[in-house]
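Listed below are the structures to be examined.
Each of the two complexes below includes subunit A, the first together with subunit B, the second together with subunit C.
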Partner chain A sequence: MTRYLARRLAFALFLVVAVSSASFVLARLAPGDFVTESLGSQASRQAIERERARFGLDKSIAAQYRAWLAAAVRLDFGRSMQYDRPVSDLIPERAANTAILALAALLLATAVGLPLGIVTGSRPGGVIPSTIRSASLVLLSMPPLLTSLLLVFIAARTGWLPIAGMRSASVPAAGAALDLLHHLVLPAAAIALPLAAMMERLQAQAMTEVVGEPFVRAALARGVPRSRVIWRGALKAALRPVAGVFGLVIGTLFSGSFAVEVITAWPGLGNLMLQALRARDIYLVAGCAGAGAIFLAFGTMVSDLALAAVDPRASETRSDEGSAP
Partner chain B sequence: MPSKQALLHAKSTPSRRSADNFDRATSWPVSRIPIEQSRRILFTIALAVTVLVTACRSTPRPESNTPQTVRRGGELTASIRTEPASFNRHAARDTSTNLVSNLTQAMLVRVNQVTQAVEPALAESWQASDDRRRFTMALRRDVVFSDGQPFTADDVVFSFDAAYDEKSGSQLSDTLMVLGKPLQAAAVDPHTVTITFPERFAPGLRILDALPILPRHRLEPALKAGTLRKAWGLDTPLAEIAGLGPFVLNQYEPGQRIVFVRNPHYFVKAPDGTALPYLDRLVVEIIPDQTAEMLRLESGQLDMMTSQISPEAYAPIKRAADQGRVKLYDLGVSRNADGMWFNLKPGAFAGDPRAAWLQRDELRRAISMAVDRKLFADTVFFGAGVPVFGAETPANKQWYWSGQPQTPHDPAGAKGLLATIGLSDRNGDGMLEDATGQPARFTLITQKGRPNLERGAAVIRDELKKIGLAVDVVALDFSALVDRFVVKAQYDAIYFNADKSDLDPGTNPDFWFSSGSAHPWNLAQKTPATEWERRIDELMAKQIASPDEGERKRLYNDVQQIFSEHQPIIYFVAPRIYAASSSRVINVTPSEARPQLLWRPDTVAVVH
Partner chain C sequence: MLGTALVAIGVTAAAAAPVLAPHAPDERFAGMLNAPPTLPHLVGDDGSWHAPFVYRWRLVNQLEQQYEEDRSQRVPLAWLSQGHVIQSSDEVNAPLLLLGADSFGRDVFTRLMFGARISLGLAATAALGAVLAGTLLGGLAGYAGGALDDVLMRATDFVMVLPAMYVALALRAVLPLVLTPSEVFFLLAGIFAVVGAPFVARGVRAIVRTERRLEYAVAAEALGATSARLLLRHLLPAARGFVAVEVTLLVPAFIVAEATLSYVGLGFPDPIASWGTMLHDASTNIRVFADFPWLLSPAVAMFLVVLGLNLVLQGDRSAAAFAPEALRRTSP
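Take a look at the complex of A and B:
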């Protein structure tokens, strides 16, 4: 198990280095740079050259990449050109905000998607399962960008929820935590709804298969109440597919939250990355991409552990892999 | 853009991802439900959402017809799209940094964006020398910075030093140069300064509107160390930032908002003696997306956008305004119009057979005739635009040349002009070829992500196709476009904004002079490449130096006439500018210049 974990960590490290390096190089290779972006079309060529020298953009890509990589080994990820602050200062504060949003969306999606999937999977016919299934289809076909726009539109029309931001400018009497929750509803729902639909579909499929298994039929034949068979016996067996994708979902939450963060002005990594890309701030782009890779690596590990928890065969297989010569 | 059906189909296609579970999930949805049923369900859900939204629609707040008294106090929430790069105007020139500077700092003089008059600010009066090169300015007494320290002439001198310091590399230095040379500021006594211009400069003190007067006692060490641009970054404790403007920074939440509160020491008073600003607090939310920005405005969660309304957003805002939920401001025609120009650098097309016609005046005149400006206004600005034929739009009332020839929409005439430079349909395919039989084709670069520019470039392409010119439109990111245009000068033609920074032509020498760095069609020439550019150089030199406003006007009319004859930039349409605020915002003096509703932030008030 230790060797397995070590291998996973090594892979995670490789993923982070590869993703941030690729982002750095691609952002640097694209025509134009931070200086042309910030000085604009009315700047003189001399002014552009002067600023490029100031930011080290006059050096070759190879030299810049080597310098960046050497500094990154010492956990110095460069200085954001746009904000004139160390990238290592900017990322954590935004990553924490993204993590709050992602975690809330994941909890909401799980709390909604899994039970609904169990309902629709265990009862193929009827009005309620059909309605749930149809709603899932609609939500699955809507990208988070569209979901967030629709929710923002509803919030604007009703005035029930704040449309944008993470906190109010003045902390309300109800307290900061409640204020955060109030702001969290809309972006979390925008991410969670398509996710819940996906979980519902996955869980329903798995549940339908498990309900047809001999052990379930036998239990029902012996007179065990249906709800007990479904929620205790069948559920654990049917959790494997969802647990399998759970971690991947955590990883993709980062990219999924990208558009939602922009629409709802949530001050997370997605918003920061968009600004960095717009400004062609290569160090910040690489930092944000690296942080996204950490999310993905973390998600994959969680996925493996969750799978092992619901299906011991998975952990045995992995242990075997780990002990192979 | 894939259709809804295409999206559904894409979802229903079994994926060949590695995990088996993924196959199950993605192969599930649509196949289980008949199409008719799914349509019914989609319709039902859409209907339910519509009913819900309609039922829950917040009641419009009708705008009161009674005059609202301006009272001190209250909070206003405005929005910006991007975070400022710094709290230091010397470090960055983006619009958000500029807004922060306008809110927290003050200048010696202000240009009234409605009347265009130069008005006193920190300098309460001034006297010009006979040759109008030297201005002696009397500073207001008893003015203190927001931290309580007195403002003196030393702060003015320090601010000029900060702008011109080479080590610091201020973003303001170019703006404050007169014909490439700096101004000289000297303190006569604590309340008097002299500003000396290197040459006679007719626009005079207008350019000082760009210079924030900074506290020497706070920033002198940074200037001496050559690190002024690093001072007052976004991580600076806000208590360290002091200014003379109407507001002080109170709170900064990265990615979310900047909160300003009233500067208790602000020096300006209203005519009735009320200490300005009227507002207690100004919250500036950072909202990257204009759709979200507008929805917040409509729902009352935002009082004002600091940017103008895009043409696409006009209709919903107009509906909201008709319902009394927002105020819509028609600010008139824009001072600037997007334009198209060719690369006129001599030798830019060396070895290219198109060199025989790409840089010819006739080509540009033909393009101006070929494009239907009404169609352009209807397509690009949804009808909210006016035709433009020269370097100034009708918004520049003082300097617009009323004799400006109006190029008629005449595709046949355009074809005739092109024939004079050897472009005709030689193979009968409906498109033009040059004398060597090569197709008359060029690439038009524009900026990606700006719908006005992309739509405009598409209209130009389609209109020119009608006269047989083939245009390949390429949309590039802003930085890539600047790289191709300014740094590499590798392009055939560009459709972009060639904005002038101020209405007075004398403040735009970089645009007009052939040696200028913002002379778009041929940047920074050592000597004028053409006779007509040499003539413009001469006229502009006289125009900038002349003390006689009538003569300046005549000279600038001549410049516009030459420009019109050669059309180095082809202008088509100037958009109308609109801005919006919530109904509770009062006492706004709207202007076409940015920030349209907040250029005079101290007098803006809210009903509270």
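Take a look at the complex of A and C:
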């Protein structure tokens, strides 16, 4: 297990280094640089040269990359040119915003998707289950880009929710946390809706399989109330496949949040990366890409660990003991 | 059934855009900036029936871009005129704007149809590229095994865990912002194909690996079939069902990816109509959501096509069941 974990960590580290290096070099190779973008065409040559030297843009790509890598090993990821702040200051702040959004969406999707999946999976017929199933199919066809456009449209027409940003300009009397929550609803729902639909489908599938198993029928025959069998016994068995995809979802959450962040102006990592790319702020580009890779590597690692944890051969006895009331 | 119909409508609209659409995609109507849709009417103000007609829009507030129907005269629609199926009979003053006009005064309905060519064409091209590359690599890896298999699978591992959206953004941002539309098209198709190919490659590899051990493959080999024949005639056809499912999964993802990139201004340049560039208006002008909602119609089109593909996937259980079938066959 330790060796496996070490290998995974080494691969993740390699991934982070490769992604941030590649985006550093790519962003550096791109035509134009931060100085020409920010000073404009009116600037004198001396001013341009001076600014270039200040940011280290006067060196060759190879020399600049070496300098950046050498500094990065000492956890100095350079200074953002447009914010004039260290990248290592800026990224955690924005990454936290993305994490808040992703976590809220994940919680919302789980809280909505799983119970609905249990309902539809445990009784295939009926009006309610088939309505839920159709709703899921519709929502599955709406990636976060479309749900966020729809929700912003609704919010703009009705004025129920703030449509952009993370905080109000002036914090209202109700307090900062409530204000944040108010802003969080729309982007989190935009990510959570398709995700909840996916979870509902997965849970329903797992549930349908489990409900057909002999132990469920045996429990029903012994006179255990149906709701108790479904919500206690069958649920525990059916949770395994869903737990397996949970980590995978963390990865998709992160890429899904890009469109939502841009549309709802949520100050997260995706928005920061976009700004950095537009301004040719290469240190920030490399930092954002690296942080994105960390997110994804973390997600896939969690998913692998979760899969190992729910592997029947490894956890059969343990989970059976756990299910006794 | 509904799914096939939705996809067919999208493809037809794309293919027949020059004839079906009332205008050219870059035709601008001065004084019609952000004009609302002109609904075809059948009953006039006098309560009597007429051939389909529209009312012209009169700008009542230049600053707010508010329009009012000029109900004083009916503008009848002209069928099959000037190479278009339907147009207004007075194109200069009262153009037929079935879905309104955008901020340049261009017909949204027309651009939606021409946009389908770019959006659906790009997604289909990219999916084709991903499937070709993925099948080739997966087939090779599964057939050859050993070191080649290891290297190829490590490579797919690597691409699959990359933050795809960030890679696409970074790759797109490297190139000059001003590229010709066809350069952007093939560039984006290439990027998408590279990101999508590993998913195809992994599945094809698994299928080829398991099929290879089955009697019919062993028999073909014993009868002297060459590797190429064995792979192309016998093993890869076994992956057909899986590949078909992958295509219906990749195309929606690519449609949305193009839209996202164009929405943030890193996709196609503006005069080109794609569903993403059409949504770009919404990113710069918040009034789009509240006052000009017809500019969001590309999002609806995207939803309908993706829903159609999902319904096709749901209905086509034989295809969906095929891939796991091939995997299950080895266990006994």
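The rule is simple: the second predicted complex is superposed on the first by the 260 of 325 C-alpha atoms of A that agree within 3 Å, B and C clash if a C-alpha of one lies under 4 Å from a C-alpha of the other, contacts with A are read in each partner's own complex, and residues count from 1 in each chain.
By definition in this document, contacts are C-beta pairs under 8 Å (C-beta built on N, C-alpha and C of every residue); 3 or more make two chains touch, one makes a residue touch a chain.
Keep in mind the model is a prediction, meaning the values are calculated, not measured.
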A:V19 touches, of subunit B and subunit C: first, second, both or neither? second
Subunit B versus subunit C as contact partner of A:I48, first or second or both or neither: first
Touching partner for A:M273 - first (subunit B), second (subunit C), both, neither: second
Subunit A residues touched - subunit C or subunit B, whichever exceeds: B
First, second, both or neither for A:D76, with subunit B first and subunit C second: neither
Subunit B versus subunit C as contact partner of A:A27, first or second or both or neither: second
First, second, both or neither for A:G292, with subunit B first and subunit C second: second
Overlap of the subunit B and subunit C footprints on subunit A, listed as residue numbers: 30-31, 137-138, 140-141, 149-150, 152-153, 155-157, 163-164, 262-263, 274, 278
Residues of subunit B touching subunit A in the complex: 4, 7-8, 11, 19, 21-22, 24-25, 28-30, 32-33, 37-38, 41-42, 45, 49, 52-53, 56-58, 75, 77, 82-83, 85-86, 91-94, 169, 174, 229-230, 233-235, 251, 253-257, 259, 283, 285-289, 291-292, 295-296, 298-301, 476-487, 496-499, 501, 510, 517-518, 520, 523-524
Residue ranges of subunit A touching subunit B (in the complex, touch as defined): 30-34, 36-48, 50-51, 54, 82-85, 89-90, 93-94, 97, 131, 133-138, 140-141, 149-150, 152-160, 162-167, 169, 198, 201-202, 204-206, 240-241, 244-245, 262-265, 267-268, 271-272, 274-275, 278, 280
Touching residues on subunit A, where the partner in the complex is subunit C: 15, 18-19, 22-23, 26-27, 29-31, 137-138, 140-143, 145-146, 149-150, 152-153, 155-157, 163-164, 251, 254-255, 258-259, 262-263, 270, 273-274, 277-278, 285, 288-289, 292-293, 295-297, 300
Complex interface listing, subunit C residues touching subunit A: 158, 161-167, 169-171, 173-176, 252, 256, 259-260, 263-264, 266, 279, 282-283, 286, 289-290, 293, 296, 299, 302-303, 306-307, 310-311, 314
